[in-house]
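Per-chain residue numbering starts at 1, and chain names A, B, C and D are given in the order in which the chains are listed.
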Amino acid sequence: MTADSLSAAYTVEFPFERTVGPKIGTFLGGLRDGRLYGAQTERGVLCPPLEFEPETGAETGELVPVADTGTVTSWTWVPSRPGDPVPHDFAWALIAIDGTIGALFHVVDVDGDSARMATGMRVRARWRAERVGQLSDIECFEVAP
Amino acid sequence: MTEPITTMPSPFRMDYTYVAGTGRSVFLRGLAERKLMARRCAGCEQVYLPPPEFCSRCLRELEPPFELDGRGVVSTFCVVSFPFPGQRIDPPYVVAYIQPHGAGTRLMHLVREVEPEDVHIGMAVEPVWVSDDELDTSLLSIRHFRPVHNGGADA
Amino acid sequence: MRDVAVVSFAQSPCQAANRRDDMADILLPVIREAVYAAGIGRDDVDFVVSGSHDFYEGRTFSYIESLDAVGAWPPISESHVESDAAWALAEAWSWLQLGEGDIALVYGIGRGSLPADLDQVVPAQLDPYFLAPLAPHRDAIAGLQAHAAIEAGLTSEQGMAEVVVRCLDAATGNPLAQRSGQVDVAQLLDAPYVSSPLREHDVAPIGDAAAVVVLAADDAARRLAERPAWVRGLDHRMDTHYPGVRDLTTSPSTRRAIGRAAELAGFTTSDVDIAELHTEYSHQEAILTNALELNGAVVNPSGGPLAGRPVTATGLIRIGEAARQIRDGNADRALAHATSGQALQQNLVCLLEGDG
Amino acid sequence: MSRRVAVTGVGQSKQAKRREVSIGAMVREAVTAAMADAELTFADIDAVVLSKTPDLFDGVMNPELYLADAMGAVGLPVTRVFTGGSVGGHAAIFGAHLVQAGLAERVLVVAYSKESEGNFTWALSRGLPFSAPLGAGAGGHFAPVIREYIRRSGAPEHIGWQVAVNHRLNAVRNPYAHVHRPDITVEEVRDSRMLWDPIRYLESCPSSDGSCAIVVTGEEHAGHTPRPPAWIHGMAWRTETGHFAGRDEVNPVAGQQCAADAYRQAGIDDPAAQVDVAELYIPYSWYEPIWLENIGLAEVGGSWKLVEDGRTMFDGALPVNPSGGVLSGNPTGATGLLRFAEAALQVRGLAGEHQVDARRAIGHAMGGASQFHALWVVGSEKPEAA
């Protein structure tokens, strides 16, 4: 029996277009408008506005505008890849948006200098000029002055 | 108040490697040489085409490959009658389960060179191979099956 | 409750990339070995259940191909989980409790080498609205967790490297390991980050392998194994998903699962001699050790996942390895742990015991 | 059975081509309805089982992770079952097993599909390396099997048209069904576009978004609400390999054995006489006579006469798919569970406009190349103790 096998490369591609419903849709609409939203819960305002409260599973409440500034609660430094939001190495971070509970997962850009990253650092959203209602309407977070 | 977004694009692209496996590779390499390589299970006497490495009834390694001529009968079939993405020929066309003589399993393939309404269960068919430069490690090395006109009796 | 035991375990070598065998061909020799070791034939198996995942295999309904290695003819009683096969073992254990059969065969097959770039695959496991569109690096969520664990004082980069050194050393005794050897901490700490504070060695090397466990109940277990590894307690639990609302330094689902498993088993983790933990990253050992309240147990004597992580078979291998230690007489009580999802979101624990 | 088990909660979402909600919110619709029916809160649930078709179809890998909150599953054991199209049936049975084995008191079984988001017909049309993309399409697998059934049974071609009409008329009574065609006629089905000869367009199932959930409980909790439970009298699953020499896909042995095992547990020796209604996995109309024979509700070769005689219509002696069935709504991951849930609704007397007179009902699901089979028998009467 021949012991070697044929193999070949191939690609799976899906052009998903997700319907998002009113809550996530409003959050994304807010991003398009340059405004960040959180969802009201019994414990406080949750940002991002998850549809269900993580502790109880209850539906979260109305969306309310929140600040676009916050504090880094954890981060990890990664090399930039083609297609990433910034063209040099950056951090993925959890950012506790001011006045909210929980933390938002997004990019923090410190010009490729990991020494400037620290838990507890203050950051603010850097908005794209052209916004379309996607998470990438926030290009990244950057050090708050 | 903010006007909600209704949809978000979420394209996925994933690159993979397909590993055919040694058993399937024997079959695929045979196709590139105009050969239909089958293998028999010593346990249940069944002949597999295409053959895996092991009999899925007995879990025994199959015996060495041997060649079948590919003649067989239409076990059953359908007539694809409408257009949809991924088609290679214009409908209507016949997709059939073909029971090759000497094999216990069936092959799915096109039946052409016959009007769809003249295809019937039990019709004797034979493979039509592609030209040398089109031969490949794929069942597409068989362009299609066609009715046997010279001496191939229906089952 | 019926007494159910692991009576046999087999595994194929963890390979970085198997380019020779299809799913069934990887699996079949392993099934044969496990069934042979139990001294049974295929027809003696009452229930078959497996774990695998299409996203690793790169095509839909891939598990159907693996069934060719089971010989589902005449028809069999069978089920499948689209996740780590440790959850398949949980299903088998539940099924045996029904009393409708005595022997169950559990298999897991994972081929992590088939996706060319796991950065394309792993984000699909995240919230499709708030996370996946950002396409984080494959190790990013784990990196956040590792960072948080260090800041919480649970471990350090040095401590993580020490875990790796210990596991790779242990793996020199495991011929099926993908990675093993004598390395030193300083050498490891010289390597660059892949997702800080994680370095390449902190990340369990993904690869290809199959694993098979045969479970048997009551008298069948006693008949089939000289020293059955009795599953005294088994439980699994889920945490919430979004990393920003989890305390990544703790594992509430593990804590909850071990509480329930210990209640069923009648003994606790302080009584176990060895523990096989599904650590996909070195820092997770500290989090799991805390959640499980392990003290004194030898952790990952097989080398653990840091020596080889065949996706969707890795958790089942932990149970098989823990059982092996009991069946070989090296341990009287053992713990096995499996995980699914990012940063230990879903966890399963299994407490095993040999006859006194 | 070692412990009597009942269904006390059933919920489902509206099925539609495209639901303007997130996956989580759509799943929650069914979960909320099932929990309300069972009069329970998440704190009462001991385990969750999730049924779902291939993750590649909607691009969420291990969706049980993201859906933990939507299913109220945080802190609970969650098992993600997958066995092809039968998965909803397998999930229901596994949930019932957990209760039967005494490992849980109340289990929530959840199922959904939201495939409108990805163009998977397109995505899957390119095939794998070394495969031969013949252009057979989704029905290209089933149509030859149907042709073989027609040849064997000698059934006239209008049987398929009649089944299509029956199910669509039933669906008019079901507000959750995707397809509502109150004016459908046999002529309309006959004249509809030929897809995979012998399958016509109106003899085919749609692709739908939708969700379903049920609550399964032990006997002690079955009287928790004023609404009656559906008692599980028997349940089974069977699998056979898809391609081996000599396999009969028209009347697969796995399906026969699956049904026989469930009937044995239920004490049924003459299923055609002892079952009042059946919710069967019928994606193409000809699968009604095929499955009726396969699971012993009709003699081999004779089931099409039941259709001809109107016995499987809504008012017939053995109504099949009074909900409208798969032909009227097909959220694939939930389709099997919907059959099981609809059977439960019938024996509980809670099927609303599509309620038939039923004391004992079958829920049935199948998947792969008719390889995976799941079936349960539910009844309004508490079964005999084992």
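Heads up, the rule we're going with is that a residue touches a chain if its C-beta (ideal position, glycine included) is under 8 Å from a C-beta of that chain, and two chains touch if they have at least 3 such contacts.
This is a predicted model, so every value here is computed, not measured.
Participant: Out of every possible chain pairing, name the one holding the most C-beta contact pairs.
Facilitator: By number of C-beta pairs in contact, the leading chain pair is C-D.
Participant: Based on the averaged CA atom positions, which chain is farthest from chain D?
Facilitator: A
Participant: Taking the mean of the CA coordinates per chain, how far is chain A from chain B in Å?
Facilitator: 47
Participant: Suppose each chain is reduced to the average of its Cα coordinates; what separation in Å results between chain A and chain C?
Facilitator: 30
Participant: How far is the middle of chain B from the middle of chain C, if each middle is the mean of its Cα atoms, in Å?
Facilitator: The computed centroid separation for chain B versus chain C comes out at 38 Å.
Participant: Which parts of chain B, given as residue numbers and ranges, touch two or more other chains?
Facilitator: In chain B, residues 6, 8, 10, 12-22, 24, 28, 56-57, 137 touch at least two other chains, as defined above.
Participant: Got the chain A residues that touch at least 2 other chains?
Facilitator: If we look for residues of chain A contacting two or more partner chains, we find 3-10, 12-20, 24, 50, 54-55, 134.
Participant: Can you pull out the residues of chain D that are in contact with at least two other chains?
Facilitator: Residue numbers touching two or more other chains: 20, 22, 56, 59, 69, 73-74, 117-118, 122, 124, 126, 128-130, 241, 244.
Participant: By the document's touch definition, which label belongs to this structure's chain graph: line, ring, star, complete, or other?
Facilitator: complete
Participant: If you look only at chain A, which of its residues touch chain D in the complex?
Facilitator: For chain A paired with chain D, touching residues are 6-10, 12-21, 23-24, 50-57, 59.
Participant: Under the stated contact criterion, what part of chain B meets chain A in this complex?
Facilitator: Residue list for chain B touching chain A: 2-22, 24-26, 28-29, 64, 137.
Participant: How about chain B: which of its residues touch chain D in the complex?
Facilitator: Residues in contact with chain D: 6, 10, 12, 18, 20, 24, 28, 44, 46-48, 56-57, 75-82, 84-89, 92-93, 95-97, 103-106, 108-110, 116, 121, 137-140.
Participant: Within the complex, which stretch of chain D touches chain C?
Facilitator: Against chain C, chain D makes touches at 2, 22-23, 48, 52, 54-57, 59-62, 64-69, 73-84, 90, 94, 97-98, 100-103, 124, 128, 236-242, 244, 247, 252-254, 257-258, 368, 371-372.
Participant: Where on chain B is chain C touching in the complex?
Facilitator: Residues in contact with chain C: 8, 10, 12-24, 52-59.
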